[in-house]
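Given below, in the form of structure tokens, are the structures.
Two complexes are shown next, each including subunit A; its partner changes from subunit B in the first to subunit C in the second.
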Partner chain A sequence: MANLLEIRDLSVDFKTPRGRVHALRDITIDVPEKKILGIVGESGSGKSTVIWAVTRLLAGNAVVEGGQILFNGEDVLGYGEDDLRRYRGEQVSVVFQDPMTSQIPVLSYSRQMADIQYRRSERSAAEKRRVAVDIMRRVGIPDPEERVRQFPHQFSGGMRQRASIAMALMMDPPLLIADEPTTALDVTMEAQIIHLLRELKDEFEATVVVVSHNLGLIAELCDEVVVMYAGEVVEQGDVRQIFYRPKHPYTQALLECDPARVLEQTRFLPTIPGDVPDLHAPPKGCVFAARCPKAFEACRKERPQDHEAEPGQIVRCHLLAPLFAEQGGAESVSEAAPSPAGANGEAATEHDGELLEVEDLQVRFRTMGALKALVNRVADPHVDAVLGASLALRPGETLGLVGESGSGKTTLGRTILGLLPAHSGSVRFDGRELTTLSESDFKPLRRDMAMMFQDPIGSLSPRQSIRSLLTEPFEIHGLKDLNVQQEADRLCDMVSLPNNFLSRYPHELSGGQARRVGVARALALQPRLIIADEPTAGLDVSVQGEILNLMADLQRAHGLGYLIITHNLPVVRHISDRLAIMYLGRLIEQGDCDSIFERPAHPYTEALVRGVPLPDPDKRRALVSIEGEVPSLANRPPGCEFHTRCKYAQERCRKEAPGESELAPGHRVRCHFPLNQ
Partner chain B sequence: MSAQPSESAAAKAEEPRVSERGEKLHLFLRNSQGMFGLVLVLLFFASAIFAPLLAPYDPNQLDIPARMSGPTLDHWAGTDQLGRDTFSRVLYGGRVALKIAAIGVSVSLFLGLLLGMLAGYGPRWLDNFLLLFFDTIRAFPTIVMALAVVALTGPSLELVLIIVIVTSIPGYARLARTSTLALKNTEFIVAERSLGASMGRILWRHVMPNVVGPLLILAAMDVPVVVTVEAGLSFLGLGVLPPTSSWGTVLNEGYLIIRDTPWPVIAGGIPLVLTTLGFTFLGEALRDVFDPRLRKGR
Partner chain C sequence: MWIYAIKRIGLSVVIVLLATLALFALLHMIPGDPVSIALGPRATPEIQARYIEKMHLDEPVVMQFFIFIGNVFQGDLGADVFSDRPVALTISEQLPFTLVLVVTALGWAALIGIPLGCFSAVRPNSLLDRITGVFSVGTIAVPSFLVSIWAILVFAVMLRWLPVIGAGESGDIVDQIWHLILPAFAVGLGWVGYFARMVRASMLEVMGENYIRAARAFGLRRRTIVYRYALKIAILPTITLIGIGFGTLLSGAVFAEIIFSRPGIGKLIYDMVLNRNFPVVQGAVMVTVALYVVITLLSDLVVAWIDPRVRTTL
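Up next, the complex of A and B:
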């Protein structure tokens, strides 16, 4: 089997004012023809740098220190500008992570696609357009004749990503590179794109390189896998070798950390302790030694060689050297040991009353001004972001609120905290009505309710030191008698951040560290309710576990109630007692975490539960679980809102909105024909 | 995510903050145009502040026998029609320019920042009201407004100051408003609200530090405008009153006797040009350093 692309001993440095960052060191990767190769790694692993090197699009401060990139036997690194223009687009093309920023907003698709064909001067404009329409049809865009005239902002996220795949395939390149192709998409869209990529790869007989941090995606899509860590390839091999018989301790740890892989519900997720090494001065020995549970003397001193563990499986680890084979062969990686924080149940005394009660809450946003509505004769210039939502949360309980983007879950969370006005309905905290409170009356209650925000770094005020961020809650609530500096130290300890971090600024922290600051800030005033909006978003798998374990520890120690808002089902499964599923602003199903996972009653819930790509190459899904896209809020389907995408939909669903029915105590669903009952 | 491994790795380095400031300073020191601007600006400050020590004569001392002379050993930049030493008058004129520039720019920066943040963060009606106010002021050409006001009250230094402040506020306010609007719905501001932070605290502690940077750059670029406005008004006789020397009055008096001697006009014009140049270069260099998007290459 021939290799289309061979990367040989590639080293890339970045020049920064603080010295050189050795971003890639002696990378060797073979990309076999007509296969899908996946490159997995956490942030800072250098996986994207590999792509930029292959496409010769490295940033200006990058220096290729050595090595070769052979494409069909030709060294890409020796190409001049003309060669590159011939090479890019014709030979290799890229699907980027965010289609919104990789497409030109002011040009229509037909124009952008015609531009891609600039080398085909023999084609007439009409012919170019026909090719564009044709390729759009092949990636599954409905009405391509019509839609090719449209602009990127007129496409939804999933459609836009389809269009960027279409543009990448336009010139029929032998090599297609996809950089985190589904990261910006929802679960149901992700499944569709994965299937599209597989189909197209066969249809176009292309070779595909997929770069992702998502193990599920890699298992679902790839034939070969390369695992990268801190600028080195630590392991590569066949997808089954990597997922079933990983040899490198890092690969093993990474696989164990993936919440989707931990099958039983567990409150404590495995993690990889420690941080990625500083690549200004990479360690002398093995790059993973500092975090490796099996590391021994030689790992810290000597660079490990590449060893072939099985045919085709190459591992860079001392453990596989015959000399050291008997060393450190003990059990597997980091134990999911429950940390001994707080006596169980003691703090979390069961209160009788509900901590938080939301009843029939409705949140609307105005779409146009009153005058404009009058002129355009729009009777109701609003969209309903949340409709008739009711939920309850007891102290010490965790409720997971799950939904795709646009489902209104964040709006619901923010409305509970009075950050957005409610249109109708009620929110009661400890029996006290919140929706009618003025901000000044609300303020004392804010000590008892805190929110964690989605973006770990972006939710910290950028020009404030960590110390002043941590002491700010005390200042706001006028707690002057406290020794705030001591409090800052205490909070730092609580979330296990070193105290010298207090004088740093948010942009100097990694995602995980910033998230810890966010947790500390939320807990500063010892609230009783925490609303966490995507607490694991933007974090690497190995860090996700740490944050969730920390949250669980603190919950048991302080008896906190959590409302966790997320689209990430595997994560929420491990930490929630109950789940609420949201679709187009409605809560469509609520119940115990277990019963929802085992017997989802709503077709949408079923699609979500089954739609998570599992990090298991033998459990690839045969079918796309759910078709179509989330309708726009402004154009709410009549009857059951889900009927447009529901494969069980019947006449009644199109006409009549289903009421809420209780299947079992606490398990409520909004569906005419609940499943699995 | 790993597109910039340099960043994530750098975040873990031990002394990143010092180096970041160092980086900015380094960039600025390397910018020769900016350094040239800085030297001119420092020269302007020094000459204005130390004018009484540097000036060889009292600016109003008459030396009738030597009137309208060209540059001589006694009078380095010549004299005007009353025999006053032009060099001394220019030095003292710099004090007027500095006073107007320092007070005018800082007060309008402060007020513009305040009003702009209020417009951007506050309720919609306040925003609309303030915008209307800014646009109304902007619609008047400065000189025309000055003429109108002077016609009512008579010329004075304070009046120049007030006109300068009122007409520069909208520029700062609009800039502050736009940045504030962009920040209003960012997560960290919503996070502050969720903690119960008051509007004053949010604006002062969290919005202001993120908004003020571009305003400071605008201020550096605004100094020459203010200096020119003062000189212009004084030249027209609407600003500083005659016995006091300002660059504008030196030019005005020189203009009347330009057929006899060109020196007052030359001597009054040169500092105006250099100051304008200095602040503009400085402002541009600051903008290049603090706004990496405008930096060439990467």
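Up next, the complex of A and C:
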């Protein structure tokens, strides 16, 4: 089997004001022709640097210290400007992570696609356009003749990513690189894009390199896998070797941390303790030694060699050296999960009443001003972001609120906290009605309710130190008699941040540390309800577990009620007692976490549950579970709002909106024909 | 695009009307009797009565406003208090001088400033970038009347290359251009710096965007990427700045007009304020405001024409 691309001993440094960062060190990767190779790694592993090196698009402060990148036997690193133009786009092309920012907003697709074909001067403008329309059709964009004239902002996220793929395939390149191709997309879109990539790879007979932190995506898509850690390749092999018989302790730990792989429902997720080493001065021995439970003397002193564990499976670890083979233990690598005994909401039994009750809540947004509505003859210039939502939460309980973007889940959370006005319905906290309270009456209650915002770093003011961020809640609520400095120390301890972090600023924190500050801030006033918006978004798998475990610990200690808003099903599964699924502003299914995962009653819930790519190469899905896209809120489908995408939809669903029915105590669904019951 | 343009034009008409109303109200709120302000304390009762009748000062204020607006739509901005000349005529004589000066000044500033900003953004920290940086800050910091005086000293008094006073013989285009050079240089110099800074900053930001990296990954030519992709977006804030600059200079070029003894709207307003010739002031300010709105409208339309996202925002 020939290799299309061979990376040989590649080392890349970045020059920074603090010295050189050794971002890649002696990377060797073979990309076999007509295969899909996955590169997995967490942030800081250098996986993106590999892509930029291969496309010769490294940032200006990067220095290639050594090595070769052989494409069809030619060294890409020796290419001049003219060679590069022949190489980029023609020989290798890239599908970018975020389709929202990787397409130029001021040019139509037909223009962007014609520009990519500039080397084909023999093609007339009309021919270039025909090629563009043709490739748009092949990636599954409906009405390509029409759509090709549009601009990126007129496309939805999923469609944009399809257009990105179309642009990358435009010149029929033998090598396609996909950089986190589904990270910015919703679960149902992710499934569609994975499916499309697999189809196109066969159709175009291309070789594909997929870079991702998402183990599910890699297992679903790839033939070969390369695992990277802190700028080195620690293990590579075929997908089954990596997922079923991982040899490197890091690979093993990474796989164990993935919540989608932890099958039994447990409150405590495994994590990898410690941090990625500082690459200004990489460790002398093995890069993973500091976090590796199996590490021994030699690991800290000597760099491990590459060993072939099985045919094709190469592992950079001392444990595989014949000399040390007997030293490795067999026990699990990641930090042993604390036993979850009694974790499931025992605190809940201490209280009787509901902590939070939402009844028939409706939230509307104005889409245009009164004058404009009058001019355009729009009778009702509103959209309903949340419609008839009812839910309840007991103290010590965790409710997972799940939905895709635009489902209204964040709006619901904010309305509960009084950050957005409710149109009708009621929100009761501890039996007290909130929707009618004035801001001044609401303020004392805000101490009991806290919000953890989505973006951990962005929601912290960059000009405030961590200390002042942590003590701010006390000042807002006028708690002057408290020793706030002591409180800051206490909060720091509570979320296991070292005390010397108090004088730092948000940009100096890693994502996980910033998230801890967010948790500490939310807990400062000892609230009883926490609304957490995507608490694990943007965190690495190994850190996700830490935050979720911390939240679970604090819940047990303080009897907190959690409302967790997320699109990430594997995560909520492990921390929620109950789930509520939202679609187009309606709660379409609610019930026990287990019963929803085992017997989803609504077809949408089923699609979500089955739509998560599993980190198991033998459980690849043959079919895309859900077609189409979320309709616009301004244009709700009649009848059941899901019927446009539902594969079971019948005549009745198109005409009549389903009411809510109770299938089992606490398991409610809004569907005419619930599944599997 | 058409829908956006129509809406935007409608909005501009409303703004001009509101601005006229505000201007009218402001002039009426000036304390004192408008008649004695306009005619001076020594005017005879007959003259005063004639003036009151001519200016409809016996009508209610609201009626006065409508009469004024009605006259404006007929091209009548009132008459000079002293000479009884139609204000519209005076303004139409003076306005071209100002327009030519402002267009030339901003034109050369844009022609030099935008490419300078572009080059320095493409090669940040190069020698050209550093020189441009110092030059920009320098020209922005020096007030334009100082530039005018030095320009006169160097090019007219010492070198005797260029004329100083007036706008040139009417009808003699070459002479008029000859007289335009120094004032246009003086007025435009500061704007070269503004444009260069502005374009450089937005260009640097755009060159770091993901879509530029994507365009490079698709193998597009560097020329295409810089001038057809990046500049097209980076130029947008500068277009808005040109619009604002134009509006500001309509009356703001007054320094240059006084120093170079050029006719123009700014100088007209200045003279007429000193003479308390309020009908002329009112008419001139109104025309300036209307022009300002028209220019802003034009720059917004250009921005919308380049950036499709803007079209849906109104």
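Quick note on the criterion: the second predicted complex is superposed on the first by the 663 of 677 C-alpha atoms of A that agree within 3 Å, B and C clash if a C-alpha of one lies under 4 Å from a C-alpha of the other, contacts with A are read in each partner's own complex, and residues count from 1 in each chain.
The working rule: contacts are C-beta pairs under 8 Å (C-beta built on N, C-alpha and C of every residue); 3 or more make two chains touch, one makes a residue touch a chain.
Here the structure is a predicted model, which means the values were calculated and not measured.
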Which partner, subunit B or subunit C, touches more subunit A residues: B
Which superposed partner A:55 touches (first subunit B, second subunit C, both, neither): second
Partner chain(s) touched by A:109 [first = subunit B, second = subunit C, both, neither]: neither
Contacts of A:604 with subunit B and subunit C, given as first, second, both or neither: neither
Subunit B versus subunit C as contact partner of A:268, first or second or both or neither: neither
First, second, both or neither for A:243, with subunit B first and subunit C second: neither
Touched partner set for A:510, first subunit B, second subunit C, both or neither: first
Touching both subunit C and subunit B, counted on subunit A across the two superposed complexes: none
Residues on subunit A engaged by subunit B in the complex (per definition of touch): 14, 16-18, 21, 23, 41-49, 52, 59-61, 180, 213, 231, 275-276, 278-280, 414, 417, 419, 442-443, 446-447, 450-451, 453-455, 458-464, 472-473, 476-477, 504-505, 507-510, 521
Subunit C residues touching subunit A - in the complex, by the definition given at the top: 209-222, 224, 228-229, 232-233, 306-309
In the complex, subunit B residues that touch subunit A: 1-6, 8-13, 16-17, 19, 22-23, 26, 186-188, 190-198, 201, 205-206, 209-210, 297-298
Subunit C contact footprint on subunit A (complex, rising order): 55, 57, 81, 84-90, 93-94, 96, 98, 101-108, 115-116, 118-119, 151, 153, 164, 167-168, 170-171
